[in-house]
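After this come two complexes, each holding subunit A, first together with subunit B and then together with subunit C.
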Partner chain A sequence: MGFLAYVLRRLAFLGLVLVGVSLVVFFLLRGMPGVDPRAAYIAPGLPISPDALSALRKELHLDEPLPVQYAYYVADLLRGDWGYSRTAAQPVLDALLGRLPATVELAVVAVVLSAALGVPAGIVAALRKDRAADVAVRVLSITGISFPVFWLGIILQLVFFYYLGTLGLPSLPSRGRVGDLVALQYPLGAVTGFYVVDSLVRGNLPFLLSALSHLVLPSFTLSLISLAAVVRIMRASMLEVLRQDYILLARSKGLPARVVVLRHALRNAITPVLTTAGTTLGILLGGAVVVETVFSWPGIGRLAAQGILNNDSVLVVGFTLFVATMMVLVNLVVDVLYAVVDPRVRY
Partner chain B sequence: MAPPVAERLREAARLLRHARLATAGFVVFLVILATGAAAPFLIPGSVVRDVQFSAKLAPPDAIHWFGTDDFGRDLFSMVLLATHLDLRAALSVVGAALVIGIGLGALAGFVKSLDEPLMRITDVFLSIPSLVLAMAIASVLGRSIENLSIALVFVSWPIYCRLMRGQVLSEKEKPYVRALRSLGVGRARMIVRHIIPNTVFPVVARAPADVGLILITLAALSYIGFGPGPYVPEWGSLVAAGQAYIFQAPWLVVFPGGAIFLTSLSLNLVGDWARDVFDPRLRS
Partner chain C sequence: MRIIRLGTSIRLVQALLAATLVVATAIPASAATTDTLVWDIAAGPQYVDPVMGTTAQANVMVVQNVYERLVWYDGPGTQPIPWLATGWEVKDGGRRYIFKLRKGIKFQDGAELDAAAVKFSFDRAVLLDDPTGIGSFFPTGTAAPGILKGAWEFSKSFGAGKEYSQAAVDRYLAAGAVKVVDPLTVEFNLAQPYGAFLSDIATFMGSIVSPSYVVSHWTKPTDPARGFIPGVTAGQRDDWMLYHASGTGPYTLETFDKATANVVLKANPGYWGGPAGKIKPKLSTVIVRATLDQATRLLNLKSGGVDIADISTAAIFDVIDKKKWLDEGKIEPLVPGVTVPGPYPWLTIYFAKMSVKIKNPDGSVAPFQPFKDARVRRAFASAIDTADIRRNVFNGFAEPITWGLTPAQFGYDPKVKASYAFNLDLARKLLLEAGRDLGFGPDHPRDMVIIYNAAAPWQGYIATQVAANINKLNVGLKLDVKALSFTEYVNSWRSQLTGFSIHSTFSLTADPNSWLSAFGTSAGFWARTSSYDNPKADALYTKQFQALDPKQRARTISEMVQAVNDDVMWVWIGAATAYGQPTFNPNVLRSSVKGFYYNPTYQGFYFPALWKE
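This part shows the complex of A and B:
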C-alpha cells in the first residue's frame, strides 16, 4: 500500500471519529432525557416571554425529528456557528479562538518541560533497570501522578509567590499572563496572541521577561500531568529497543555506551513518545481547565470553567467539541509525519 | 490452560511480600478506607451546620487538629466526612465502569457482529479527553456530585471494554475453549464461567490506579465548580473554599488537598505493583 492510500485511510478514520464526536455533542445538547434543550440558551432565574421561547424552539428546529435537527446542527457547525455563549458574551467559536493562543502557549511550554525532564529520566531508568536510579525515578513519577494539580498549583503559589515575597526574596507571579504595570508601561501590539513570540518580534524586553516569569508556575504545574506518562513510555520503549540485535552489534563493535544509547537506541525508542503526542495534548487541554483556573490564566480552559459556573452548556459542550477536533488534527499530523519517517507503518 | 484463580492469588501474595512500597500503600489505603467508612458514625452530622464565625480560621491546635474553616467549623471533621463521600463516589464510579466495560468488552470479543460497532463507539469516547467529556456531560445534567459520578462512569468504561476485548480475542483461540465448545458448553456459560475468570485480571489490575485517578478528577471537577456547596464536605470544594484564605490560613488548603494526595498516592503504589504482576507483556 502506498503512502497516499495510508494517509487517505487515516483521514477517513479520523473523519469518522469527528462524526462520532459531533453525534455525542449533539446528543448532549438535544437528546438528554429529562433535559429541555432550551435551558442551555436561557440565563437561569431570568423571566422569559412565551414568544421568545417559541422563537428559540423554531431557531433550534426542535419541532423537526432528531435526524433533521442533527443535519441542521452539523450545517451550523461547518458554517462556524457554534452557538452563542452567555459567559463570554460572544459567539462560542470566536470566544474559544480568541483565547486559544494563551492556552497553546501554556501547553507548549508544559510539553517542552515534560519532555526535557521525562525523556532523560526514562532513559536513565531503563539503563539502570531495577537499581536505585530506576526505583527513584519510579517513586518520583508515582508521586507526581498522585498530586491533585489544583492543590499543587495553590501550594506552589503559597511558596514561590507569598513566602518568598514576605521574606523579601525575588518571587514568582501567581496570576495572569503578564504584570499589569508592565502591560501598561510597555504595551504590546498583538501580532499572534502568543506573548513570548510577540514580544520577541517587537523587541519588547520588559514584556518578554514578565510573560516568561508568569509562565513558570502554571507551565510547571501543567507539565506534571503528562510527565509521568512520558517517563513510563520512554522507559518501556528504551528497554524494548535495548534488547534488539542491532544494539548488541553496536556494543560488540566496541562503541562507547553513550554512543549506543544516544545515537542508535534513542532514535528508535523515542517514536512511541512522539506518537502519543495527540493523547498527551488532550490530557494537557483537560488539565488546562484546572490549572488555568488556579492561576487565573485567560485561556480556553478557564473560560470553560466559568461556563460551568454559569450553567452555560452551549459553551462547555462547544469547548468539548473544540478540544476533540484539535486532538484529531494533531493525531492526523502525527500519523502522517510518522509514516514519512518510518515506512514500515504503511503496511 | 491458564492457571486457576487460587494459584494466581497465591502468586500475587508472594510478590506482594517482595514489594514493600506496594504493601505500605495497601496498608495506608486500608486505614483511609476504614476511616472514611467509619466517619459518619464517629462524627455527628451537625458539625457541618455548626457555624461559629467568632471561631473562624483558627490555626491547628489540640482541639481542632486541622484548625477551623471560614465558617468556624472543625476542619478535621470536615475532611473525614469528605473522605467518606469522595471514596464512596470514586469506588462506585470505577466499580460501575468495570462491570460495564468488562461485560461489553467480553461481548465484543466473543460476538463478531457486535465487535465493530462497540469498538467504533470506544474510538469516539477515547478521542475526547475524559475530564473534558465528563465536564460536558455533567454540565448538561446539572451540577451535583451524583451527576458528576454518572458523567465519570460514562467516560471510564471504554478503556476497560477495549482491554477486555483484546484479552478475550486471544483467549478464545486457546485449545481449552475449543475443547469446551466441542463438549457442548453454551456461549453464555462459556463467557461467564470460563472466559471472563481467565482474562479479567489484567483489566482489574488497572482498578487501583484508576480509583486514584478518578478521585483526583472528581476533586478537580468539584474544585472548578461542580462542588456540592458549603454544607456538604467534599475534598475539592474544601480546597476551593480555602483558596480564598490561602495566605491567611494555608491549612484550609493544605489538609484537604493532602488527604487527596495521600489517598491517591497509596492507590498508585498498589496500582503500580498490580500492573507489573498482571500485565502479561511484562511477565516472562
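This part shows the complex of A and C:
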C-alpha cells in the first residue's frame, strides 16, 4: 500500500473515531437516565419560568427522538456551533480555540523538558544497567510520576516561589503566563498567541524573559507526567541497541565509548522515544487540567476546570470532544511522520 | 556530524533555569508598589455588561467600580442615598419617580451624563432582554410583574412567545417607562407601586452607561424582523460591552483578558468625587487575577506578592487561630502581616427544603407524601443540629437565623419566632404520631432518600446527620443518603423527585424582596419547586411589595415570614458570615491595605476606599 493510500485510510478511520467520540459525548450530555439535559443550560439558583423551560425544550429539540437529536447535534458541531459556555461567556469553540495556544505552549515545553531530562537519564541507566545509577534513575522517575501532579505543583511553588522569595533569593513566579506589571508596562501585540514566539517576533525582551520564567514551574511539573515513560523507553531501547552486532563491531574497531554510544547507539535507539514524545504531547494537551489550575495557566485545561466548578456541562463536554479530536489528530500526524522519518517503515 | 555531548541537554536546562531565576528577581513583584493593588480572586469576572444577569459576583465587583447608579450606598450604610441623582420625588402613590441629576458629571469616554443617558441605560436593559437579566432581578423576585411600564409586556419575563420586532420595541417605548423631562430630570413610570424600587436601581442592574460609547461600538441589525434603537438590538447580547465599559465611576476598565479572566482597573483621573465630592482613588492600578487554586492564593498572600486573597472558610484555619475563633469567637491571624476583618453579616444562607408533592420520574405524583404532613416537616426540622453544622461545617462562620433573611437585610426581625429547635425526643414523638396516619412505623418501615450534590461535601455532612438522627429514632423511616452528580441533583429537586434536599442561596441586594418571593409565594422559585402554597403569605407579599413606608413594609414582612415559618417548609441552617469583602469567597488582606470598610451590598471591594502603606 502506498503512502498516500495509508494517509487516506487513516483519515477515514479518523472520521469513524470522531463519530464514536461524538456519540459518547452526546449521550453524556443528553442520554443519561434520570437527568434533564436542560439543567445544563440553566444557571443554578437563578429563577426560570415554566414557559422558558418549554422554550428550551423546543430549542434543544428535546421533543424529538434521541437519534434525531443526535443528528441536530452533529449538524451543529459541523457548523462550528458547539454550544454557548456560561463560564466563558463565549461560544464553546471560540473559548477553546482562544485558549489553545497557552496549552500548546506549555505542553510543547513540557515535552521538550521531559526529553531533555529523560533521554540522558535513560542512556545513563542503560549504560549502568543494574548498578546504582540505573536504580537511582528508575526510582526517581517512578517516584516522580507517582506523586500527584497537584501536590508536586504546590511543593514546587512552596520551594521555588515562597521559600526562595522569603529568603530574599531569586524565586520563580507561582502563577500565570506573564508578570502582571510586565504585561502592563510592555504590552505584547499578540500574533500567534504563543507568548514566547510573539515576544521574540516583536522583540519584546522583558515580556519574553517574564514569559520564560513563568513557564518553568508549570512545564516542569507537567513534564513529570511523561518523564518516567521517556526514561523507561529510552533505557529499554538503548539496552536493545547496545546488544546489536554493529555496536560490537564499533567497539571492536576501538572507537571511544562516547562515540559508540552517541553516534551509533543513540541515533538508532531514539526513534521510539520520538514517537512517544509525539503521543505524549497529545496526552499533555488534555492532561494539563490540574497543572493549569494549580498555576493559573490560562489554557483549555483551566477553562475545563472552571467549567466543572461552575457545572457548565456544555463546556466540559465540548472540552472532551475537543481534546479527543486533538488526540486523534496528533496520533495521525505522529504516525505519518514516523513513516516519513523511518525509511524501514513500509505500508 | 558534530557529536552531541552527553550532558549538553542537562546543562541547557540548568542554564535556562538560572536565566529565568535571574529574570524573576529583575522583574518587580506584582504587589511591590504602594499605588498598585493586586487581588487573587478565586473566580474572575465573566463579563461586565451591567444589563446581563449574573450569579458571578466578580462581574458586579468590576461594574460597581466602573459604573455608577442614580442612588447607591454611602460607606457601610445599606440604605440607598442620592448618587448620580441629587434627589428624587415620589408621585402618584409610588407609581412615578422623578430624579434630578447632578450637573457636570462626565463618562469615561468624555460624554456628559444627562437624562437621556439614564433613559438609554434602562431602555437598553429592557430591550436587550438578557434571559437572566432585568426580568429576574428587576424587580427582584418573580412573583411580581415587571416594574417598568411596558417592560413586562416586552420581556414576558424571559418566557416563551417573545417578540423582538420593531413594533414590540415601539410599544415598549410608547408605554413611557423612562422619560426625559429636561436634560437633568428623568422620570420613571412604574406598572405598580414598588417598595424596593430604590434598592433595585441601586444594584448593578441600575448602572448608567455612556450612550455615545455603546452606539459607537454597535452595528445596526441586518435582519429587518429585528427591532432596535440606536445602540441596542432587541433581544441580542452586546458582545463589545461584555468586555468593555464606559461609566462615570472612579475606575476605568483598562484590560479584561477573557482567557485569564484577569482585569486591570485604572483610576479615573476625571472622577467627579462622589456625592460629598471627597472620593478620590488613591490606588492608580488595581489588578484582579483569577487564581483558581486556593493553595496558590494562600502562598501569594503569605509572600506579600498580593494584597488581597480569597480564602474560603474551609481553609481559614491556615490563616487564623482555630481554637481562639471557635472557643472565644476571636479572629487572630496566624500569618504575620495579614489581617482578617470581620466577621460581618453576609447575604448568603444555608437551608433545607421539603417538597409536599414528591413526583415519580414520569411526572406523576408519588403515593407516599410524608412532607405533606406538618408533623413530619417539624420532626425533620427538629432532627437537625444546626449549631453543630455551623461550627463543624462552616467553621463557625455562620449564625443562627429564625427565617431566611440575614441580619444584613432590610426587614430582618430577630423577634420572628422559630418554629422548631433541635429536639430528637420531639422528632420521635411527631414521627410516631404521623406514621400512624401515613402508614409507617417501627414494625412496617418505609424507605426514604436524602440527596445531596456530590461536589458539595458540606451538604453531605448535613444529609448524613439528618439521616443518622432520624434512623436512630426507630420510628419506621429508613433514610438513605445519596450523593448525586450536580445535574442529577438539580434535576432531582427541581422536578421534586425527592422530598428533602439541602441548599444555599445568595442575594445581590440587601432588600429581602427576592427571598420573600422565592420562599414565601406560590410562584416563587424555591416554593414552586416544593409545591408550597400559602395564600395568606401571597397576599402579605404583595402588600409589602407595594408598601412605600419602610416601617409599614417591615411590619408586613415580619407578619409574612411568621406565617411561612409556621408552616415549617424550610429548615434555616444558618446565615453565612463574612470576613473581608467577599465576592463568592470571603477574603483576607495584607495589613498594608488601609481604608477598608464592609458593606454587605458590595460585591467585592469598592476600590476608591482603599490605599496602601
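We adopt the following convention: the second predicted complex is superposed on the first by the 331 of 347 C-alpha atoms of A that agree within 3 Å, B and C clash if a C-alpha of one lies under 4 Å from a C-alpha of the other, contacts with A are read in each partner's own complex, and residues count from 1 in each chain.
The rule we apply is simple: a residue touches a chain if its C-beta (ideal position, glycine included) is under 8 Å from a C-beta of that chain, and two chains touch if they have at least 3 such contacts.
Please read all numbers here as calculations on a predicted model, not as lab measurements.
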- [ ] Considering only the touch criterion stated at the top, classify A:222 as touching first (subunit B), second (subunit C), both, or neither.
- [x] neither
Task: Partner chain in contact with A:262 - subunit B first, subunit C second, else both or neither - done: second
Open item on the list: Tell me the contact category for A:175 with respect to subunit B and subunit C: first, second, both or neither.
Closed with: second
Open item on the list: With both complexes overlaid on chain A, does A:25 touch subunit B (first), subunit C (second), both or neither?
Closed with: first
- [ ] With the two complexes superposed on chain A, say which partner A:327 touches: subunit B (first), subunit C (second), both, or neither.
- [x] first
Open item on the list: With both structures fitted on chain A, tell me whether subunit B or subunit C touches more of subunit A's residues.
Closed with: C
Open item on the list: Quick one: is A:111 in contact with subunit B, with subunit C, with both, or with neither? Answer first, second, both or neither.
Closed with: neither
Open item on the list: Touch test for A:277: subunit B only (first), subunit C only (second), both, or neither?
Closed with: neither
Open item on the list: Output check: A:162 vs subunit B and subunit C. Expected answer is one of first, second, both, neither. What do you get?
Closed with: both
TODO: Report for A:142: first if it touches subunit B alone, second if subunit C alone, otherwise both or neither.
DONE: first
TODO: Identify the overlap between the subunit B-contacting and the subunit C-contacting residues of subunit A.
DONE: 32, 35, 40, 150, 154, 157-158, 162, 293-294, 305, 309, 311, 313
Open item on the list: Which residues of subunit A touch subunit C once you look at their complex with the stated criterion?
Closed with: 32, 34-36, 39-40, 42-49, 51-52, 54-55, 86-90, 95, 98-99, 102, 113, 115-117, 119-120, 123, 150, 154, 157-158, 161-162, 165-166, 170-177, 179-182, 184, 206, 209-210, 212-213, 215-216, 258-259, 261-263, 266, 293-296, 298, 302-303, 305-306, 309-311, 313
TODO: Using the touch definition up top, name the residues of subunit C that touch subunit A in the complex.
DONE: 1, 3-7, 9-10, 12-13, 16-17, 19-28, 30, 36, 38, 40, 43, 46-47, 53, 55, 131-132, 136, 142, 156-161, 242, 254-255, 257-262, 264, 285, 287, 289-293, 295-296, 299-300, 302-303, 305, 361, 455, 485-488, 490-492, 494-495, 497, 505-506, 518, 524-525
- [ ] Under the touch definition given earlier, write down the residues of subunit A that touch subunit B in their complex.
- [x] 16-17, 20-21, 23-25, 28-29, 32, 35, 40, 138-139, 142-143, 145-152, 154-155, 157-158, 162, 282-283, 285-287, 289-290, 293-294, 304-305, 307-309, 311-313, 316-317, 319-320, 323-324, 327-328, 331
Task: subunit B to subunit A touching residues, read off their complex - done: 21, 120-121, 123-125, 127-133, 135-137, 139-143, 212-213, 216, 219-220, 223-226, 236, 239, 243, 246-247, 250, 253-254, 257-258, 260-261, 264-265, 267-269, 272
